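Below, subunit A partners subunit B and then partners subunit C, in two separate complexes.
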Partner chain A sequence: MLKTPATSEVASEKKSVSKKKFVFRLNANDKYFSMFFLGPSLLLLGLFVFYPLFKTLYISMFLTDTFGNTTVFTGLQNYVNLISSADFMNSLFVTLIYVLAVTVLTITMGLLLANLASKKLPGIGIFRTLYSMTMGVSVAVAAIFWLFMFNPSTGFFALVSNALKLTPINWLTDPKNAMLAVIITTVWMNLGFTFLILLGSIESVPRSLYEAAEVEGASSSRQFFKITLPMISPTLFFVSTITIIDAFKSFGLIDLITKGGPTNATNMLVYRIYKDAFYSGNYAKSSTEAIILTVIIAFFTLIQFKFLEKKVNY
Partner chain B sequence: MPTILKNVSKEYAQGKKVLDNVSAEIKTGEFFVIVGPSGCGKSTLLRMIAGLTEISDGTIKIEDRVVNDLPPKDRNLTMVFQSYALFPFLSVWDNVAFGLKARQNDAAKIKERVDNALKMVNLEEFSDRKPRELSGGQRQRVALARAVASDAKICLMDEPLSNLDAQLRIKMHQEIYALQRKLGLTLIYVTHDQVEAMTMADHIMVLNDSKIQQVGTPTEIYNHPANEFVASFFGVPPINLMNAKKVSENIALVNKDFEVELAQTIEEENFRIGIRPNQLQVNKADELHANATIKAVEFLGDEKIVHTEMNHGGVISVIVASEAVFDPFESIEITCDDSSKALLFDLDGNNITETQGVAYNA
Partner chain C sequence: MKYTKKLILPLVLVLGILAVAIFTSINAVRSQASDKRTEIVFWHEMGGPSEDALEKVVDGFNKSQTKYKVVPKYQGSYDEAIQKILQTHGTSTSPAVFQAFDISAAQMIHSGFTTPVQKFIDQDHYDVSKIAPGARAFYSSNGVQQGMPFNTSQPVLYYNATLLEKYGIEKPPVSPSYSDITRVAQQLYEKSGHKTKGMTVQVYGWLLEQALANSKTSLANNNDGHTGNPTKVDLNNPQTVEFLKWIRENIKSGDFIDYGSGASAGANQTAGFLSDKVGIFIQSSASIGQLTANNTNKLGITYFPHPDGQKANGVAIGGAALWISNDKPKDIQKGAYEFIKYSLKPEVQAQWQKDTGYLALNKDSQKSKILKDLYKKSPESKVPGQQLATAKPNNFNSGILMEGMQLTRQLEEVAMETVYNGGDIGKALDIADKSINENLQTSNRANGYK
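Our next item is the complex of A and B:
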């Protein structure tokens, strides 16, 4: 018994000696050492993120021909033109409205459903599956489905308002309603993911916190606002960041449902960028818009991290 | 007014009984400990008193009110959880104030009670800290303060000390005990630790296999255990339980290895005998007289525990003075010079020791 440690020590000494001969030594202080780990991701990011970003920035300071080649350097003239254009400001405005509405609605409804589904009720599994189902639906399918729903003569809403003898709403042809239609569709699409993330977060709150609160006399609404909300605030923060950024980048649904219309009522920034580049061939203008969108998203992300993160961390 | 449990049972859907016909009376202002091995249903019983788990059968009465269908908040009690159940996003002060705020007390009263409670557990200086900035013992104290701050006179504790290290646990025993006495709380305390139960309780309820084994004071339970389970659950090292055979009216052959003179006459031909490790003696012996072999010796400072293997099988522990020199593999003779405290059990494990005027309720 007593001899074992001694022999193993000798053995390990031998091992380390023999190891030294063969090991190719990497020195952590080596200048190039970190490149081994950073290299692959830097390469990929550079190729697909940084290069296009800087190229876009570059193009936005030129005039371009129809092939996207730069012709005349104009400095910030493209930006000045855009900011003074009422058309662009309208796009900016509708995008902000859309982002605000989508985020608020997605988070509140997701929270509501997740809180309901976290209760231990019979058959709750069915609802959990149903609520998270939209995660598996592609944008194209969702768009077509909602186009059917909004159809003025055969759509679900039209049928309902006919049955109730109400004047049917022109969902997609009235500028005011088109925005609402796009918002409804986006929220519906977002709900699955938001619901699932929030449900997971609510379920991970320790049961004993609620039990303690129950013994101490806290009502269930108080438990929701005083325990659930603060406990899931990091997740809420995460979900709202994702939703805001996603909403800013919204393209597919708009392209399929309204094509930015009617009368530019749903002409969001990304859709505008797409049209300016690939319909009008104005690459300089669309690059400029892309840079402005990037700055806006970066600004929002920064604000969220600066102000919200402090509050939600406990 | 006492808290009364009457024929309380808990059965889950699959017909699995977790608690079977549990009855007890917990007097106001007493320290009542529910003890038992894990899975015996002790936490379930506590949660049923709290109202966090439904009762399948029987009644629970708190202060003359049947509370079977009352929600936890209307039972006028407070609870300390094993995990402490502190709100990580609230300061110590707000954690303690949580229940008082929920019950809509006015601000002045809340402040007074919270400050008072924090003072009582020596945490006034930490009132602005978040739970994660506290040590395990301090968190435990916050949980205690929350119970203290409440108006409730009944406090339930579910293994509150099991996350603390041994030294801190002993310190907290004393603090909890002192608090309970000072405030006159009725404290119902669940633990799996027999030492905790013995040191703090006014009355102990021993649970095993979802049934009550015995309810009694620590002395009753230690000296007059109702059955083999209770006898072996209390005491470190545990009591030595062996088979015994009647030799003559009051002489028994224990484990076929040594004879013991009993303080009573026995009728049973075969029975079981329980002798605590400090009631046995060990002597070195030659091959001829030896009835056991030493397996291991544990040094505890003031004393040593000698673990031996009997010649006819079975393991016995004996406490000896720390100066005694014993080594593993030595042959020894085990005897019991004074067997007046030996406990006798029938083959079903029930205590059949005659007790002189001391009653215990089984």
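Our next item is the complex of A and C:
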């Protein structure tokens, strides 16, 4: 029943498209006409995206002096040096751990909270507001707040462990805990946005599907996995892509909380690029790192579109 | 209707804020237009209480004459400012006079972006002999004054004198050795019932470099760059090892607390000290202002500790100098020099020391009432100046003239963190040496130095 009008619509659209093509082909100014529309955006992209990209690629093949001028051509030597350095490999490794942990934790917790908050219970509005509140907190404020929490002598965690006579945890000075601290802070920051988007998407799943499932006697967990998850998969795809890219680009929290330390345990790629360029003035090295990061993000985005998107139910 | 009523209040508020903002900005533009003085843009990196003190200096200069007007602009940390200065040179946003910190001296001299202050000193027949020679030497090359020292500090050791008295612990000598400090720290930790940690040493490359200076050891070859551009760094030397062993020993006995690295570590450390959580720490003398203003306890200060069985060689100065950009017209450069000259006046330097803890550089400042009153009120604030005066300047304690010092410091800090977290001292230093030397060689090659 439903299929017939849809297919006929597609057919008529096809017809009109081919008709348009025919008309366009007759027009001799076709090329210039399209450039008229594409031009402005191409110009802007060229100026602000492609030019910097190629310039970065160019710089990455040289050594740069104190002022960032390219002086000695070295070809791919910068890449070889970086890939063979344990320090850079460590950065790559911690970045991957961080991205993975942040994405998985943000989405599972966001989903859990959104699912809870979508239940019609008295006072649920309060919880919805609470869960989405971190969206309104700026990175700087969040970082300062968590720095207070982690302070080894006057922080909240230190006071609790003192009161319970436990050995205090060195949150920001022990390499193992520092990563955990940064992950906790990032997930806390991201949760509000993820929660809100997922809640909206869960709310928009048609009630009739759940009613039908209940008639058939499906359990609530079965309803979640068989109805909610597939129905919100486009949103999940969107949120996961955004979270992964955001996590790769994470900068503010790291700069304010750990500065990449201790012993480079939280020295993620983007922070490294910043430090090498604007602290150490080594523009060649940071350009090389930037190109490597671009390749990595492009690779992840490609994978997401190739494999994940097929599983998405639009 | 319901919604319109609800919206009225926020709307009025927003409009009100906008109106005020527009009004004040119009006023600001107007007052700027009425001021016909030449503007001297001044970039600095003083935050917190030091920024207020610096603004006092600027205000004083602006009121003192009618030709120039200095406009101070905060540029973030010392580290961040260097690249901003180098990258904006020759553009309209670049400053006329700027503050650049000690370890960037080699970079600034090599850049050729500045007019040596010496040029104006000669034109003006200014008597520089009044300005502390140790500080002047740090920013000069081949007898030419390149930048002019402005805020100059010394690393010193602070202790909580009230707590020491309370527990009957003998206070450390004026020039303590590592084991003197260990003794006090351990006693404090034990006698306070583990409530107060004995000591901390911030993960800060500057402190490591000072420990080397104080034990008469150079970090880079060619006498730390004083007799030629350095080509090799040797961090894994017996003196670094002894310094780190001293810290390791205190970590093991439990009286040490690690606040980590960076600005937040510095703030946490100060907060811990003021709230009796830690009894001893090492920091720039520039912290004295903050430590006396907010302290209910008596503050004790000693020299930077030295290794056992040898005399202290003295530490290098820290802080920053003022430099004049050469990309501005002559008139503006002259104005920048006038400001530098003003900032070195005896009473300006005296007030600056009182407000911040940086040392007054003009010898005549010591005669001023401001400093005499200060020493009467808190005799311990004399200690940093005495430390500077007792040290005989030599190549070990006059700073490290090497490019890439910021990166070197980062790598030193990684080594310190490794050791603080239980890593092998020799191995950590070897790794740092390898990275520092690689970077040094690349940098020398890229810049075409031999």
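Here is the rule we use: the second predicted complex is superposed on the first by the 284 of 314 C-alpha atoms of A that agree within 3 Å, B and C clash if a C-alpha of one lies under 4 Å from a C-alpha of the other, contacts with A are read in each partner's own complex, and residues count from 1 in each chain.
Just so we're on the same page, contacts are C-beta pairs under 8 Å (C-beta built on N, C-alpha and C of every residue); 3 or more make two chains touch, one makes a residue touch a chain.
No experiment lies behind these values; they were computed from the predicted model shown.
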First, second, both or neither for A:Thr108, with subunit B first and subunit C second: neither
Touched partner set for A:Leu147, first subunit B, second subunit C, both or neither: second
Touching partner for A:Ile227 - first (subunit B), second (subunit C), both, neither: first
First, second, both or neither for A:Ser208, with subunit B first and subunit C second: first
First (subunit B), second (subunit C), both or neither touched by A:Thr301: neither
Partner, of subunit C and subunit B, that touches more residues belonging to subunit A: C
Contacts of A:Ser219 with subunit B and subunit C, given as first, second, both or neither: first
Touched partner set for A:Leu256, first subunit B, second subunit C, both or neither: second
Subunit A to subunit B touching residues, read off their complex: 206, 208-209, 211-219, 222, 226-227, 230-231, 233, 314
Interfacial residue positions of subunit B with respect to subunit A in the complex: 50-52, 71-73, 77-79, 81-83, 85, 87-90, 98-99, 102-103, 130, 132, 146, 150
Residue numbers on subunit C that touch subunit A, as the complex places them: 79-80, 82-83, 86-87, 107, 110-111, 197, 203, 257-262, 264, 268, 271-272, 275, 277-278, 403-404, 406-407, 410, 413-414, 417-418, 420-421, 423, 435, 439, 442-443, 445-448
List of subunit A residues in touch with subunit C within their complex: 63-68, 71-72, 87, 147, 151-154, 170, 172-175, 256-259, 261-264, 275, 277-282, 284
